[in-house]
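One chain, subunit A, links the two complexes that follow: it is found with subunit B in the first and with subunit C in the second.
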Partner chain A sequence: MNTVIFRTIAPLIVATMLVFSIYVCLRGHNEPGGGFIGGLIAASAIAVLGMASSAAQARKALYFDPLSIAGFGVLLAGLTGLVSVFNNSPFMTSIWLYLELGEATVPLSTPLLFDIGVYLVVFGTISSIALGLESNEGEEP
Partner chain B sequence: MAAHDLPPAMIETATLPMAWVVVLPLVLALMGAALLLIVRRSHGLSFVLALVSVLAIIACEITLLLHVFESGPVSMTMAKWLPPFGISFTADAFGASFALAAAVVTLVVLIYAEPEHPSAVGGGSFYALVLLLLAGVTGSFLTGDLFNLYVWFEVLLISSFGLMVLGGRAVQLDGTVKYGFLNFLATTIFLLSLGLLYGLLGTLNMADVMRVAPQANPAAMAGVAALMLLAFGMKAAAFPVNAWLPASYHAPPAAISALMAGLLTKVGIYALLRTLVAVLPATRDVLEPVLIIVAIATLVIGPLGAIAETNLRRALGFIVIGGIGAVMAGIALPNLAGVSGAGLYIFHAMLTMTALYLVAGLIERQTGQSDTRYIGGLYATSAPLSVLFLVLVLAAAGVPPTLGFWPKVQLLQGGLQTGGWIGGLLVTALLVNAVLTLIAGTRLWAHMFWRAAPTPAEATPGEPLPIGRLHWLGSGVLFALIIAAGLWPNPMMEVVRSGAADMLDPARYVSAVGLAEVTP
Partner chain C sequence: MVPNIDASIALVAIAPLVAAALAPLLHRYTRPFSGWLLALIPAAIFAFLVSLAPQVLAEGAISARIGWVPSLGLDLSFYVDGLSLTFATTISGIGALIIVYSGGYLRGHEHLGRFMAFLLGFMGAMLGLVLADNMLALFVFWELTAVTSFLLIGFDAVRQSARRGAIQALVITNIGGMALLVGVLLVQQITGQWELSALRGIEDGMRGHGLYGLVLACFLLAAFTKSAQFPLHFWLPNAMEAPTPVSAFLHSATMVQAGVYLLARITPWMGGTAIWMTLLVCFGAVTLLWGALAAFKQTDLKQMLAQSTIASLGLLVLLIGLGSETAIAGVIIYFVAHALYKAGLFMVVGAIDHESGTRDITALGGLADRMPVTFIAAGLGALGMVGLPPTIAFFAKEEMYLGLLAPQWQDITVLVVLVAGNALLAAIGALVAIKPFLGAEVATPKSAHEAPIAMLVGPVLLGGISIVAALLLGDFGHYVLEPGAGAILNETVKSHLTWMIDPTNPVLWMSVATWGLAFWAYRQAAMLRTLMRRFATGLGFTADDLFDRAMFGLIRFAGALTRLLHHGRLEVYLGTAFAMLALALMLPLFALGGIHALLPTADLGNWGVRLNWPPLAPHEWGVFGLALIGLLVIVISRKRLYSILALGIQGTAVALIFLIFGAPDLAFTQFMVEILSVVILALVMTRLSLEDEDPRPFEDWARDGILALVCGTGVALLLMVVLTGDLDTRLSDFFTATSVPIAHGHNIVNVILVDYRGFDTLGEISVLMAAGIAIMALLSSRGRKASASVKTVDSPTPPVAPVAPVAPVAPVEPAPARRPRRRKAAS
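Moving on to the complex of A and B:
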């Protein structure tokens, strides 16, 4: 895998995949997509980066520990469920906010935040596994 | 049809603040696990955060239990959808008291395991996995939806898998593979039965299933219930699908195996109690002969295995299996005394089995041995240890005035009320189980504590480890709880009796979910 062609093109692929994963995550509420599939795409991008450079390099590029990202995702998803306590509604009830920005209306909601949480969980878990498989024996995880 | 002709799909009334305590224990456990995953590099912070989360969960569950005891089952259906569409969380006295016992057991194990960190417990993910395990257990006890129960079983399985393999010694991998394979099989069978049930009834909400099950094809329903019996029987380690338990529970460090002995099989047997007695009572009657045979076989084979076993924690594993037989006997005796005996037994087994494994861990630390053939003379070395072990063994066998006595009395009463050859057989099996457990337990005690220490030539000396103050604190707190609950059983008996009444007559449960006035 360690060819010049792959190493040269990898950063481009990784950047494109990451942007695409965010796009897929955000369109997921009404169209095919969502946090789960978005997270998978982003994790694949990290796996490609790990193959092209090294697992240690990919970890450095991530800055945050992948499992901590996953933990933060669960925390975020749980918190969005708890927001409905202020609305006299049961756990996980969705709350919507329609922002008027000039001509356009931007619908913001707790399901969106929940989906971002799912994205982070899937991204963190899968990239942690992928980097674990890619790292060499005895390398500090 | 115009849109306004459709029946309503959303709940219009405001949620009572009290309903939140049904979901809060679970949410706290799940978010606590997430937080602990983030801070897992710092051991001190992890320990404090884990303790705080579990204490908050216990506070919620005490509130929940008091509320349920005063005014009947509480329910909350997620996201404002009306019950059969939304996922309901419903707590009755059984679910709430078991969830509380699970949280208390987790707290004790956290305290006990603290000094073992990080050498024996391995890595920083121990606390996160324990909280995730607690989330799975709490979810299973409090959910009011069969598919959701499956989800919590998966959470439970994954976290227990992780806990069992932490440290990565060869014996742990061996135990984990056996445990994991059989439990994955059981979960798959459970999922199959859920698919069939949904195909038959079109709903998986427990309260809704209670309403519509009588109209379904009885033969097909019996098939579904038989699959559930197999699946939960495997989870609970009932005979003849019990082989995984003694093969795996002795592998991980003592604190982890104590947590598993206290929680895992109890969730399986609770699910069996819930589905067969409360949700599908008609099919339970069809399966009664099978239940009786399984109960008697489990009651007798468990302690017999414990008598034959020489490894300390493996022997305790067989005693755990014998206890599962006692709960099965309660499921086979569906009257108030029988079901409340089964419920009380689950409560007792959570506390006592955990305590037994914790003390077994102390014995292993003291001697550096896990084979009872090479342990001896402990009475002279550590008198408190011998008292702890003996009293816990008596509690497991059901000798008064320990906690184990009261569920046995209830079960025997249930058997005598049923009468006939069914009641007679089960009563005999329960008494035989008590005697055999007593023989197995006191034999272990006599071997390890009473007889003279074996000469160094026959023993392969292990490395004795020091017993820290937190070890004593953890096992002592649990021991004191067991003694106190045995001496003052009344509050607990009343809670369990009200829970058993709700299991046998689900009217209050169904109306708490909000399905009482809907006609099937």
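Moving on to the complex of A and C:
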């Protein structure tokens, strides 16, 4: 797997996949996509990175521990559900905010944050499994 | 008066719990004084409760309630009548002294703050228990006392015997707790009442109901476990592993009296039947004699007191069982008297232990000169325990004899038991108070000197109160006895306590007989000890051993069951799971007639003609072909890697089918899942160092193949059956219609995921996360496994630790024989 060609191209592929995964995640509300798919794409990107260099380097590139990312995702998703409680609505009622930026309107919402939480959980969990499997016997998986 | 009575009564139970949370912090900043400071809380509660007394006396009871679960009609209700007030004041009053005492006893202990927290938490639970009106609240507080007493008994957790005592107390009293819950629920189902106060009003109570026996059994089991009645008494002596202040608190006025309280509480609507009287009197009598005799066996002062507590509890249960007015009056007086002298004597024993370094009665003597105040305190306690005037205990004895002077044989028997039990208890009291202090001075491990003031306040004050209560006999009768006994009997009781000593009254001579017998037992203590020890040796086993055996049996059973179900052979797990799937698919189809929807009907005619190929475009046929090829390769390939790749191809083809037929989201996800599963499977294969080829023998291959075929056919048939029915489109119509207007999204799949069914998704991602953690744990355990030896529960462990953690019983990963690791070949 560690041919020169693969190692050279891998960062490019990884970067493209990561950007694409965010795009897929964000457009999910209206077009095919969403946090789950986005997270899977991003996790594949990390798996590719791990294969091209090493699990340890992929971990370093991630900076945060992948399982912590997943944990943060669950927390984020849970907390967005709580926002509506302060609005006197039941848990997980969606709240929308349309931000006017000149001509464009940017819709922000709690479901969006929730979806980002899903993205982080899927991304974190799958990449931690992939990296755990990729790491060598000696190092901490 | 306090403005809001509801809140303030609730606060009585809750304030100690809050204080418990703050105690460690407070202790950190007020180290030497924390005992005195924290004692202010129970002291304040005591003062507040005393201030309620006139109102209780005037109105009979005070009810208080705050909303708990309004939707279920549940209130956190409290009920202060004479009985609960007597118990609550005793608990809070003695509690305050115990906390002061603990500050001295455990002075400088590194976990004193934690200890105070446990003690206060226990006190809160106990106060809640005696004040609760709602039976569920009663149960919750009941269990809280079990949990907090577990913490207290096991406070010295580095010692195994302390841990064992704690676990034993928890297990035994929790059996009772469960019985209590069943009893409470039964009563609620039968009467529709959650409140104890409401149950008192029911004509004839529960007595006439068909389930009376069952309800009675539940309540009695609860009370007998908590109040250590024979044969469930053995946890109490083991609970003496706790620091002495705990014993002084738990075994005088609180924990063990909870069972007595429960019996007294249910007397108005459960008591008075023949079976009630028989059971309570018999169990009480046996416990009384057993505990009193067992006390002689001991040489440890604390153990002597512990055994005598069992006896006193038996006495109280017996009196409640008798249920006559004088017996119930005896219950109230004896409860107060016992709490006063027993707490005091425990504290004295703690002081002796603390100052001299031993509490073995044979190794102590002549401490009176060195510890004069302690001696006075011990003397006051012993006066109570012997039941001499002028202590309140004297009247308890008089009262309990009074109702039994009838010429029936039952009464005479009970009377004899009472006299004997009281005499033995009195002798124990005298032994504890006299032996260590008088006689020749004996060298002790530590050079004894007077205990600090914090440890003297309690016993001296309690002994003093015992005498003051007797001197103010009229007031005691009016403020304590009448409302207390009245609450148990559910009628007005008139106190007839008097100081008039009448030599013609046979009751007085009963007392004299008790003292005479006690004097004899005191003189013959050594003989009795030998006798009892010989008897115990002759008996050969104790309930304690039985408990150990039961606990070990439980652990062994759990181990065997775990090994049976959790054997660690992946192929069996998967085989079972798929066999169950096949069963779940096939059973409805064939046994319940689901397949009929697919069978050709008679009017279809020559149905073979009507079947035709679906009109698919060539590229669509290509995709189906791809899926088939993938499938074929999986089945025939012997190389694992090929199979994995083929699985990916087959999955990709399925994803393409989804894409073609209009489910882009699903297809998208399927693609990613396929890619990742190929990657992960390949990685797993290299990590597990599997062989290149699948070595399955033919019979395994055939078995797995048949299972796969049955499952696949089942799914296909199920889908076809589903398609023959009418699809209910109400839900999808709703989503289509509302996804843009109310959820602001065009992608219905995603809108469902993050909005309509967001809660489900939250659960799913949590599961995903948990699965990830489990997988990481598996991966990281692989490296360590080789060195860690796997113990089995069958290994002979010493029988002193019945609740040893169960060793892992199955390998956590399904790897077959490990082979030398092969690195993935570079391409």
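Note that in this section the second predicted complex is superposed on the first by the 141 of 141 C-alpha atoms of A that agree within 3 Å, B and C clash if a C-alpha of one lies under 4 Å from a C-alpha of the other, contacts with A are read in each partner's own complex, and residues count from 1 in each chain.
We take it that contacts are C-beta pairs under 8 Å (C-beta built on N, C-alpha and C of every residue); 3 or more make two chains touch, one makes a residue touch a chain.
A quick note: this is a predicted structure, and the numbers were derived from the prediction, not measured.
Look at A:74: by the touch rule set out above, it reaches both subunit B and subunit C.
Between subunit B and subunit C, the partner in contact with more residues of subunit A is C. Of the two partner chains, neither subunit B nor subunit C is touched by A:57.
When the two complexes are overlaid on their common chain A, residue A:126 makes contact with subunit C while staying clear of subunit B. By the document's definition of touching, of the two partners only subunit C reaches A:29; subunit B does not.
Looking at the shared chain after the overlay, A:16 reaches neither subunit B nor subunit C. Touch criterion met: A:92 reaches subunit B and subunit C at once. Once the two complexes are overlaid on the shared chain, A:8 sits clear of subunit B and of subunit C alike. Of the residues of subunit A, those at positions 67, 70-71, 73-74, 78, 81, 91-92, 94 touch subunit B in one of the two structures and subunit C in the other.
By the touch criterion stated above, subunit C contacts subunit A in their complex at residues 664-665, 668-669, 672-673, 675-676, 679-680, 683-684, 687, 743-747, 749-751, 753-755, 758-759, 761-762, 765-766, 768-769, 771-773, 775-776, 779-780, 783, 821, 824, 826-827. Residues of subunit A touching subunit C in their complex: 1-3, 24, 28-37, 40-41, 43-44, 47, 67, 70-71, 73-74, 77-78, 81, 91-92, 94, 96, 107, 109, 111, 114-115, 117-118, 121-122, 124-126, 128-130, 132-134, 137, 140-141. By the touch criterion given at the top, residues 67-68, 70-75, 78-79, 81-82, 84-85, 88-94 of subunit A touch subunit B in their complex.
Contacts from subunit B toward subunit A in the complex involve residues 11, 14-15, 19-20, 23, 27, 30-31, 33-38, 40, 76-80, 86, 125, 128.
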